[in-house]
Structure formats: C-alpha cells, structure tokens
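The letters A, B, C and D name the chains in turn, as written, and every chain counts its residues from 1.
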Amino acid sequence: MSVAFHAEHGTDIPCARLAQYQQVRQHSEALIAPLSAEDCALQAAAFVSPAKWHLAHTTWFFETFILLPHVPGYQAYKTEYQHLFNSYYNGIGKQFARPKRHLLSRPSLQDILDYRHAIDDAIMRLLQDSEEWDELVVLGLNHEQQHQELLLMDLKYCFFQNPLFPVFGNSKIDAPAQLLIHEGYENFAGGLFEIGAQGSGFHFDNETPRHQIFLKNFQLARSLVSNEMYLAFIEDGGYEQAMLWLSDGWVWRQSENVTHPLYWVKQADQWFEYSLQGLKPLNKKQAVSHVSFYEAHAFAQWCGTRLPTEAEWEVAAHQTLYGPHQTTLAHMFDHNWQWTQSAYQPYPGFKTPQGAVGEYNGKFMCNQMVLRGGCDLTPEKHSRMTYRNFFYPQDQWVKTGIRLAKDLGE
Amino acid sequence: MSVAFHAEHGTDIPCARLAQYQQVRQHSEALIAPLSAEDCALQAAAFVSPAKWHLAHTTWFFETFILLPHVPGYQAYKTEYQHLFNSYYNGIGKQFARPKRHLLSRPSLQDILDYRHAIDDAIMRLLQDSEEWDELVVLGLNHEQQHQELLLMDLKYCFFQNPLFPVFGNSKIDAPAQLLIHEGYENFAGGLFEIGAQGSGFHFDNETPRHQIFLKNFQLARSLVSNEMYLAFIEDGGYEQAMLWLSDGWVWRQSENVTHPLYWVKQADQWFEYSLQGLKPLNKKQAVSHVSFYEAHAFAQWCGTRLPTEAEWEVAAHQTLYGPHQTTLAHMFDHNWQWTQSAYQPYPGFKTPQGAVGEYNGKFMCNQMVLRGGCDLTPEKHSRMTYRNFFYPQDQWVKTGIRLAKDLGE
Amino acid sequence: MSVAFHAEHGTDIPCARLAQYQQVRQHSEALIAPLSAEDCALQAAAFVSPAKWHLAHTTWFFETFILLPHVPGYQAYKTEYQHLFNSYYNGIGKQFARPKRHLLSRPSLQDILDYRHAIDDAIMRLLQDSEEWDELVVLGLNHEQQHQELLLMDLKYCFFQNPLFPVFGNSKIDAPAQLLIHEGYENFAGGLFEIGAQGSGFHFDNETPRHQIFLKNFQLARSLVSNEMYLAFIEDGGYEQAMLWLSDGWVWRQSENVTHPLYWVKQADQWFEYSLQGLKPLNKKQAVSHVSFYEAHAFAQWCGTRLPTEAEWEVAAHQTLYGPHQTTLAHMFDHNWQWTQSAYQPYPGFKTPQGAVGEYNGKFMCNQMVLRGGCDLTPEKHSRMTYRNFFYPQDQWVKTGIRLAKDLGE
Amino acid sequence: MSVAFHAEHGTDIPCARLAQYQQVRQHSEALIAPLSAEDCALQAAAFVSPAKWHLAHTTWFFETFILLPHVPGYQAYKTEYQHLFNSYYNGIGKQFARPKRHLLSRPSLQDILDYRHAIDDAIMRLLQDSEEWDELVVLGLNHEQQHQELLLMDLKYCFFQNPLFPVFGNSKIDAPAQLLIHEGYENFAGGLFEIGAQGSGFHFDNETPRHQIFLKNFQLARSLVSNEMYLAFIEDGGYEQAMLWLSDGWVWRQSENVTHPLYWVKQADQWFEYSLQGLKPLNKKQAVSHVSFYEAHAFAQWCGTRLPTEAEWEVAAHQTLYGPHQTTLAHMFDHNWQWTQSAYQPYPGFKTPQGAVGEYNGKFMCNQMVLRGGCDLTPEKHSRMTYRNFFYPQDQWVKTGIRLAKDLGE
C-alpha cells in the first residue's frame, strides 16, 4: 500500500504499535476524565467542536480509513455515524453541519465511549494479525493527537464564554508557566539549505518533499515575547495605530473590536488571564498567548522587527539541535506555537495522496499561515522540527505566541 | 401590594396554593424525567432555550420577584444566577446573552435542581406564613406553566436538528392525535361586545382592561384545518403563488426556502412528520401543525377565506361555552394554538404595571400576532377564553394551527 | 369596470381630469428641475429609490395598468421597462432587484423623460376619448403623488450620506418651519363611531369599508412634539433607559446605535439638523422630525402618555373640522406624518381588489404601523382625514413626527 | 529624497516626463469619453469604484503626496477632497466609506474634471522647475495606470448588473480577441535564480529586493487555457466535484453558487459572454477570462496539472525574452493576468517605505495571490516581467486567465 504519510518500520513494530495505540487512545479519554457530559457537549463557535465529537471523530477515522475499506466483512458500527462524525472528507460523503455539532445530545457521551471501545477492539485485533495497515494506524494516531490538542483549545474557548470562568479539573493542563527569558537574538548565516521531512520517522504529507531553499542571513529571538513586552505594545497604543497593521488585520481589529489577546480580561483596571485553571492575575513573565497572526505582525512592526519565515525557523531549529546553537534558542516547542510570516503553501513537488485521505492537508493550502514548534497542550512526541501547523490569520483560540526575527546585513 | 395580575382570593387559599405550587413545580421536573443532562442543554437557535435553563429561569422568577425584594434578610442563592437566568428584565439588570445559554455547562443540571429545591423551600415557608405575596406566587406559577409548554416546543425544535430524530421518552407528550372533524362554519351575529378578562380568576395584564368592541356578522370554522387540506394547498402550488402571500411573508418564504410546515419531511416521495414521538408517516386526519402566520394567511387566501380576529375568536368561544353554540366549535383549546389576524396590541386603557415585573407583557406589543386557544402541550387549566398568546408572524416552532373565518353578509 | 379605488364622477370630468393629469405629471418633473442626472441616480439603501426610477415607475404604472391591458393594439414602449420599473407587482412578473436600482445608468434620465412624454401622449389621447378608464387614471395620479413625496424623502436620505451636506436647490422644499405651538390637550368623548372612507372623492382601498368602532374617552395633544421637548428626552437619558422602550425597539436602538433623530448631527457639542436646505443649527421651535415609531413610543412613555390609535386620530380630526373643536388641533396635515399606536391591519370586511392592482395595499398589512395626517412634502390635496399611511416601526427616513394622546377617566 | 519606488534618471527627463505626464493623464479622460455622468457614477459592489472616483483619486494622489507636502504655500484645492478621495491611506487620515462612493453625486463629474485640470497645472509647473519630485511623479503615473485598468474592470462589473447589457462605446476596448494557440508545454531546467526588480526602470517596492530562489525543473504551457478547454471542465462536472477544489474554494463555490466564469450567461441553452462590447455568443477560441484563483486551481487539478509559482513564471518569462525560448511562450502579457500558486508575500529583505506612501503595497501582503503578466486592459508599457499583481482568491472581476504548469522529473 501507499499513502503519503511515512511511518518508521522495524521488527518490533507490532508490539510497540499496540502499546502506542493503547497509550494514545487512552490519553484522549484521560483528558475528559474531569469533565461532565454537559461539558463535553459544548460548542461555542463553528470553528470549535465538542469534546465528545472529537472522541467520536478520531474513532470514525480508524473505522472509515482502515476497518471499512480493508477488513473483509466488516459492518459499520452504526451507519449514521459515517455521516455524523465525518469532519470534512467530501470523498467519504456529506458531512453533518459543523456549527450544529453541539446539537447531538444523542448519541450520548457514553454511547461514544462504547463506540471507541468497539473500534479499539477491532483495530487491536488487526494490529496483532498484520503490519499491513500500520502506516494508516500511525496516521490515525497522529490524527488523534492533533485532536487531543484541539479538544483542549476548543474547551478553553467554550468555557471562557461562561461568566463563571470554569476550572477544568486537571491542575497540570494549561497551567500558567513562567518563561526563562534569554535576551537577544541569535545570528544565522544564509545560504542554500534543505528543509522538509525525509527518511524514517512519521511525518505528514505537507512536510514533503524535502527541497532546497535559499536564505539570506537572519536573526532569530532567543525567547518568545512575554506578556510584559506585549503589555508595553498595548499601552503604547499599538491597537490604535493603523500603520502597524496589515490591511486585512486592521479591518479585523476594527470590526471585531479586538484590543488585547483573546483570554485577557480587564477588571477594575487590572489585567487577568483565563486559562483552564481559571481566571488569574496576568503574569508578566509568561509568554504572550492566544494572539492572532495579525496581532503578532503588528507587534513585530511596532518593535521594528518581523516574524520569521518557516524556512528560517526550521533551519535555525536544526542548527540549534545539531550544531553550535544548541542551547540558545529557547521555547521552540514547549510554550506556544509560533506564527511565521509564511503562507501555508505546497512544497515544490507536493502531490496530494490518492483517495479521501488525500484531503487531509492539501486542500487547506490557501489563506492560512504556517505556525512552527508546539505548545504545552501538544501531546508529547507529536511535534517535530519539520512540522507545519496552519491556521487562519485571525485565529486567536489556538495556543499561539510570537518569536521575532530580523534581517542581518551581509 | 398591587401588581397588574389578578388572582382569586378566598379562605382556603394558603393550603390550596401550597398544593398548587407543589403540583406545578413538580410537573416541570417530571417533564424532563426522560431526558439526559446532555438533552437538557440543547439550544438550536436563539429563540429556544435549553430545558435546564427553563428550570433555572422559572426558579429565578420566584427568587427575584418574591424572595429578594420581600423577604427580610434573604440572601441570593448564588449572585451569579441573577445574571445568568434573567431572560429579558432590563429593570433587574443585564442579561446573559440569549444565544449562548447552551454554553452554561456549569452550573450543571444537578446544580439547577438543587437551586429549585432551595427556592421551593423558601417559597413554601412563605406561603405557610402569609397570603401577602399570593398574587406574585400565582403569577410565578402561571409563568412556569408558560415555560413548561415552551420547554417542550424548544426541545422538539432541538431534537429535530439531529438526523437520528430522537424519541422523547414519554409516550403521552406530543403524541399524534386524530381530529374529529366537524365540517362547515358556524354563524355569529355582529354587534357591540365586551372582551377581555375581569373579576375573579387569574389572568395576565395583557387580557385587560375588559372593553367594548364592535363586530360585524361573521363565520368561524367548526374545526381546525387538517393535514389533508393543507396538503391540497401544497399540491396546488400554494408555496409558489406570490399573489396568495403577504409581502413580508413572501420574502420570508423565498429567503428561507420554506415549502411545508416545519416538521414535515419528505423521504422517497412520501411525507413524514416529526413529533416528540419520532418520525412517523404523515397522518392526514390530524390538524396541520407548526405553520407560521404567513403560511396560515396564505392558506386562508387560497381557500377564499380569512383568519379570525382575536375578538371574533373570543366572542365565539364565549357563545360556544355559554350559549346556543355550545358544542359546535371543536378544538378550541386542545390541539393547536390558532393564529388570528390581529396584531398584538394593548387593549384600550392598558397600563404597564410598575417595576420590572411590568416588563412581563407590555413591551412585546409590537410586530407580533395574537394566537388564541391552547394546544396539547399547554398545561391543564393554564389557558382560558381571554388568554392572548403572541408570536412573530414567521414563527413555526410554536405548536400552531389554523382555524378559518369568513365575513357574513348583513 | 370596478376597481377598489373610488373616484368622483361628474359631467366635466374629462376636461378637469386632463388638467389634473398634466398638473400632477408636470409636478414630478418640476421636482427634479434643480437636480443633475447624477443626483437623480442616487440610492443609498434598498428602501429608497433613485429619483429617475420614481419618474419611470410612475409612468410604468399608467402603461401597465391602463395602456397595455386596455388599449387595443398598444405596443409596450420598451419591453425591458416592464421588468426594470415594476416595483413589487408579482402579478405582472419578476421585478428587477430593488437594491440595484442605482445601477441603471442606462436608460439615462433623458431616456426616462422621453418615456414619460410618450406615455403622457397616449394617456391624454385616452382621456379625451373616453371616461372609461378614469378610475385607473385617478389611481395612477394618486400613486404618482405618493411617489412625489417618496422621491423627496429618498433624496434627502441619499444626500445626507454625502459629507458635503448638499443643498437641494429649490428653497421652498423641506424648508425648516417653526411650529405655532398650542399648549395642552383637547378632550374627546368616547362612544360608537364610524371611520373609514365612503361616498364620493378618491380614496385608496385600505380606507374601506367604513365601519363602526367603539372608543373610550381620550385626549389628544393640540400640537406636535417640538425639538425642544425631544431634546429634553435625550438629555434625560431617554435613549439609555431600556424600560421606556418596546422590546424590539430596544434591540433596534442598541444594534443600530441610535441616539437621536435621523438628521440630527452633533458638531463641537452643538446640535444641527440636515434638511434639503442643508445643515443648519437645530431649531428648537420646530416639530421633531424623522423619528421611528420606536422612538415616538419611548418618548411618549417618558412623558407618561401614549400615541393615539388611528381611530382616535380620525374621529378627532373629523370633530375638529366639522365640530366644536374646529381650530384647536394644530398641524394635523402640514408638518409631519404622525405615528399612531395602531398596527396596519385590514378594516373589517376589507377585500383585496382582483388582479395585479390588488397588490397595491393589502399585501402590506403586516408588521407595519399606521401614520395619519400628512407632511410638508405631501402634494397638495393628496392626503385626507381617512388616509392611512404605513411604514415599519424602525423607519426614520419618512417625514414623521409625534402627537401625544392620553386616556381620559370616565 | 527617498521613496522605495525606483524611476530612471537622465538628462532629458524633464521634457520626456512632461510628455509622459500629459499622455497618461489625458488617457484617463479619453477612457471615459464614451460615458455619461450617470455611467461614471456606477458602483455595484464595495470592491469596485465609480469611474469618476478613479479620476478624482488619482488626482488626489498627486496633490496629497507631492503638492501638499512639498510645494511651499500650496493650499488644498478643496479640503473635503482630502477625505472623499483617500482610498486607504490611514497615514493621511480617515477615508470616506468605500461602499458609499456611488453616493457622491456632488462633486459632479465636471467638478472632478476641473479638479484634475487644476492639479495638472500645478504638477506640470513643478515638472518644468525641477527634477526633485520626479520619482513621486512617476509613481503617481504608474498609480494612475493601475487605476485606468481598474476603471475598465470596475465599469464592466457595474454594466453587467444591468439587464440591458450596455455597450461601452469604444469598440477597441475589451473587444473579444481570438487566441493563437500554441499546443503543449515548454521545459525549463531548475537551479538557483535571481528574481525581482533592480537597476534602472520604474518598479514598485513589492518587486524588490532582487533575491535568489531555488527552482526544480518545471514545465509551462505555451498558451493560456481557452474557453473550449474550460467548457470541457464544466461539462465534465468540474463545478460539482468537491475533490478538485481547495477547501475555501469549495465553500465559496457553494455559498455563491458559482457555476461558470463571471461573465458567462446561458440563454436558451446557449452560452454567451459579456464584454464591454455587449453580450455575444461565447467564442471557444478565446482565452477563458474572469475566473477566480479557486476556479483556476480546480481546473488545473482536473487537468492533472498545477498553476505556476510566481518565480517559475518570471524565470520562464526572462528566458523567453532573452534566451532560447524566445518565441514559444505566448500571451504572457496581452490577454489575461495569470494566476500563480504563490501567495502575495514580501520578498526576503523587503522594507516598507517610510510615511503614508509606504502603505502602497506592503500592507496588502496577506490573504492575496500573485498574478503575473498583464491583460488587454493594461495600459501600454505599464507591466513588466517582475510586476506583481495581487488579488483575493475569490476575485473574478479582474481580467484573469489560466496558464498551466507541471513538475518535470529530474
């Protein structure tokens, strides 16, 4: 078989894969352990989904792309689920309207957990029998990890609509963490580089083909931008100066009346920030979070700097890990996804995989911006140096942050 | 005290009122007995509310209009509830945004039931002590009965968005019931009549003052319009003939692409109708239900008839009950609310009661149409001959039906 | 022939009608004399039309309802005009999209004037030959007079969008005129009255049938509300007090951010008012103009009064003209149309005339409010005591004002 | 002085520049010669502007960026024009609302022509005196040429809303022209190239800095896609196959119900195409025009090909002009602007010029796609190989076409 997603091979795969499968699948259920069925049904906007829908959809993915097409005699668990839990795969069929996902009180959360366990049984039997579908299983697990992160970001957005500012119930998740600030910028020499994924190790299709790219000399900030720095931008009137903003960004800022990062709340002249741990006084030493690309861009303009390109980010990350820069670039993967100035476009030679699974990434390569790195909601080992995350420039509900870059004279 | 809502008085009030209070309050909780917490959180549009919100709001009404202002030393159960469960009383304060009611997973359904029981305790103590607040208690109970009906209509609308067409779980509610059709029209002589509420017996402020009105001779249909008759209208192209429709009605029919009553569904060329009992083949002998005023008006035009005025309906209902017409007008209260051609306007001499409770009815007297009678979701003894229900002309989710009228030569 | 519009008959009709026809038709063209072709093409919102469109549509009316159906062998002047200049007559065919009327640079203003003159020739020949179509001609002339008033109100709205605050060019039209204020209220005794049109004299179908109506005693203000009184309402925070407003009115006021009558402009802390004579300092002694029904209602609530019903207005107008009240009610017809609290509904026994001309009035009898009287833009002799004007409760661009009423104890 | 726009220098500049100034300015007025003042006021959507506004705005550009800041003692022609004719320069001040430009009947077309001539006098005096402002004058002329093309594209869009399908009146403009089709693809070898503008000759800031880019081998179609080829796509159901479309493109195609290029019209089962020459039967041998990026992308997917990147286009154009490919790539500049698959982003090292004129290009570098080449509405000598045009992916009203590309194995 051939999908455009590459997973590592080896002799102990079946056993390791089984363990990995169980770990990832159980992790999803562990995430919702502190939540009620009512919490799991929340959907505050079309761009977020209820937690229970995430649990069902990730299960649907295994059923639809592995069990139904490849297991002889397999009968759909419930035929209606094919429709209800399809996210955007037109190749599979019509999808239940996205903004209405919160209206599915039936099937219940318990029904969905039952669905998960039934599919788990079938997949695990498959994994024990054969390596044949291993690449698709690995894709399904990486897909599920993406949804684990989304589930938490979506929940945060939904909870935030509630004036009671609910506390999630797991004190380790989205807990405010102070930045260890490394001042200044690191220099990187330009030249012809290769970026993109290759060889062993799982990666998504959008990370390929590995290809050459020419970069000028550049500088990358050692740390992410802190709340303190961002507050200075606000206090200097950054949200009132049209000249700092992209044209579409200014329209967005005006029409939505945006004046601060998404989860900042001003009460009695004091700033607070909401996280899944509740509403807390703003911590100036944390990385600024939940800013849109437009805000990141305006902030960089205000600093007289710019955002990095995705190629600069990847080259710098590689040199940091394998070269002389090893320790100097902090917070590459562990606080916030970092907006780049690169539009999300296909790499030269990119080909969409055949079939419905080919809708995974390619069709989104328009109007979105690339983010690099990872955040503290990202499941362990999910991200990597070549990983390309992507969102619309106005999206704030993603756990995003800002790393600045500069041109460097030759 | 003085509110503009009139309740009967008498010696056995305290005891009877206590029983009535318990009956009404328990009935609300009985209604949701077949539902899960997930079902109780559904809100498919801004004009419907989650069942749990109805349970909380009706409780808020007792707390806000009786306990908080009148019971010395009473402390709000939870201060946030004053905001969360205020529907539209600007005199009380800002309201939590109506379209977001489904986002309140906290407080949970159980929290809300606890709230109900705490307020019940306080009100029942009050009722045992004094008759002083009796009028407000009666208003609160009638208010709760209105919400019992709304709760079911709202739930029906929400369930209908689910392609699984959920079944409610109480087989008596919204069960399809055949009409006993009485053919033809009853004649009524014109003259100067009095309409409106007076004297003993509870009524809302909008039913007063009782006043004189002059009517011409008229005819009123003995039965409601059946699905069979309405189907003939559809099959004759009634939804395609602009000349049958009011101007705003035609705009609505076009922009919303309405081609049948709300809960009709066509599958494989056969008509079905959704009720809380699930999706069933359309029963031609039932009353047509869930049509907007615009549809009712167009149907009447197609028949060469018209809808009755609210005064005609009330005069006819009175003569039916107390006069020679006693048995001939069927289905006045028991199938569907009946659209009249009367805009919802204040009766001559109408005065809004003082204070926030005065927002109950008066401020809605614009852009809505009067419906008379009652429907099979209306709590027993809740409606009456002078009762004025009112909704927007495009509203279909209310359990409405059509009774035709005609002019009668002199 | 029989249309539901009644015009007087008599021996000298043909000659008088010819003169009247010429007077009305020339008046339309006189109105636009100070305007450029560019001015005549303005359309600032879907609810207003370009002046040139009014000129064409009123001509289309004569062609469509008289020449095309009734003159043997008559060929349409241009077949495309049937579509382009149809306003809302579904019985005639599809209409060119209303919000796009400003896009018809072709036909030019001159083309439209040519069209007018060609139709004038045909109609005048017809009038010389026969009285047969006299009723329709009279209807066409009254229709044109309605559009003369609309043309000016629409133009005012369009000009107002231009920061240059254009001056119309005819110093008599919409010129600010001081009110002669008569203080206080006039009393009227209740009883059974007749209202509506009858007998000789032109009237629209919506003014019939004349019918009986029972009124309680009431009071009507002798004068219209002045800018000075309305300013006191604003300065007292009338636009901030939700309790004064109808529910839909408050939603409108909030969503549109309305804080004053349409043409008031505040510059450097001073109030100005725009009229077709340009932007002038607000004259406190004028009648307040261009308020919506919602504003009129809130103002009346703030005064502890109410708006009159249309029956009260008509009965009072009749008694003023023919009875003891003769001189005491001022400004009934000459400053601003007066909002009533009556929804626009059919009179008892109202029947829509047959054919497309039946769409004239009946299909609008929903969601609108009745205005009575007339304004200084109303063509002479166009209005009358039984005239029912109607607009949506949010409409401000109509030249409206406020006359207060009160209940009167028995 | 220093602006980021580079114009050639030399000894005969003043005289040549004067001639160029007169030529460009007169050309704008020649374009509207066949139009009435009514035609010149049309604005059918917020993204198009009235012809008279283009005439005024291009004049405002010279006044605002040259006369007002640099000519001592210069008084604004009319201070209100600073506001009315500012397009999007926040650095200059607030702009009159874009969607309302059609509401400016005053100033009249004649007033605007007077404005043009007054500014022309002042600029021409300046040009005779000094070369000092030459770069800004050249920028102003290139700016005006951009608006000459826009004026025609905007007019076409406005005229198309008129069911009379107006004919422009200058038979040479937008006249349907047959393609000389060259079949097949040209091969280009990859490698490290330089793209972007440099040296003498005017160019916009967005074409710089010239920089290195690495390309793989690729193929570029010799001709543009014809109507015949595009018709095959339609007839094969291309607009119905979600799998061919980008995700946002499919949403756009569905919500706008797009089923063909903008100006195609089907009448009685036959295809027509509108141009400024009127509605004509579709010519299959012409280049397909007025397709959005989404349509271009879907068409390329359907062909199993892709769109070129802007770097591929520029390298190929350069080799065609200066190398062995000289004659083989047809229609690079003369039929339709060609969508590339490149998002409009800053070139490496791009810096926004200081001051308001810096808003010219940089702030639009988000959400738009690059187009290369030119079209038959582009003023002569205006475009060039390094020219970067940019529009939103859904824009159809631009005169766009499709040139296909392919990867080429190594």
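Basically, a residue touches a chain if its C-beta (ideal position, glycine included) is under 8 Å from a C-beta of that chain, and two chains touch if they have at least 3 such contacts.
Since this is a predicted model, take the numbers as computed values, not measurements.
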{"item": "Neighbouring chains common to chain B and chain D, by label", "value": "A, C"}
{"item": "Centroid spacing, where centroids are CA-atom means, of chain A and chain B in whole angstrom", "value": "47"}
{"item": "For chain A paired with chain C, centre-to-centre distance based on mean C-alpha positions, whole Å", "value": "59"}
{"item": "Whole-Å gap between the CA centroids of chain A and chain D", "value": "37"}
{"item": "Per-residue overlap in chain D, given as positions that touch at least 2 other chains", "value": "none"}
{"item": "Chain-to-chain touches, reported pairwise for every pair that qualifies", "value": "A-B, A-D, B-C, C-D"}
{"item": "Residues of chain D defined as touching chain C within the complex", "value": "36-39, 41-42, 44, 80, 83-84, 96, 100, 102-109, 158, 161-164, 166"}
{"item": "Chain D to chain A touching residues, read off their complex", "value": "88, 90-91, 192, 211-216, 242-243, 245-250, 293-294, 297, 309, 341-343, 345-346, 348-349, 359, 363-367, 393, 407"}
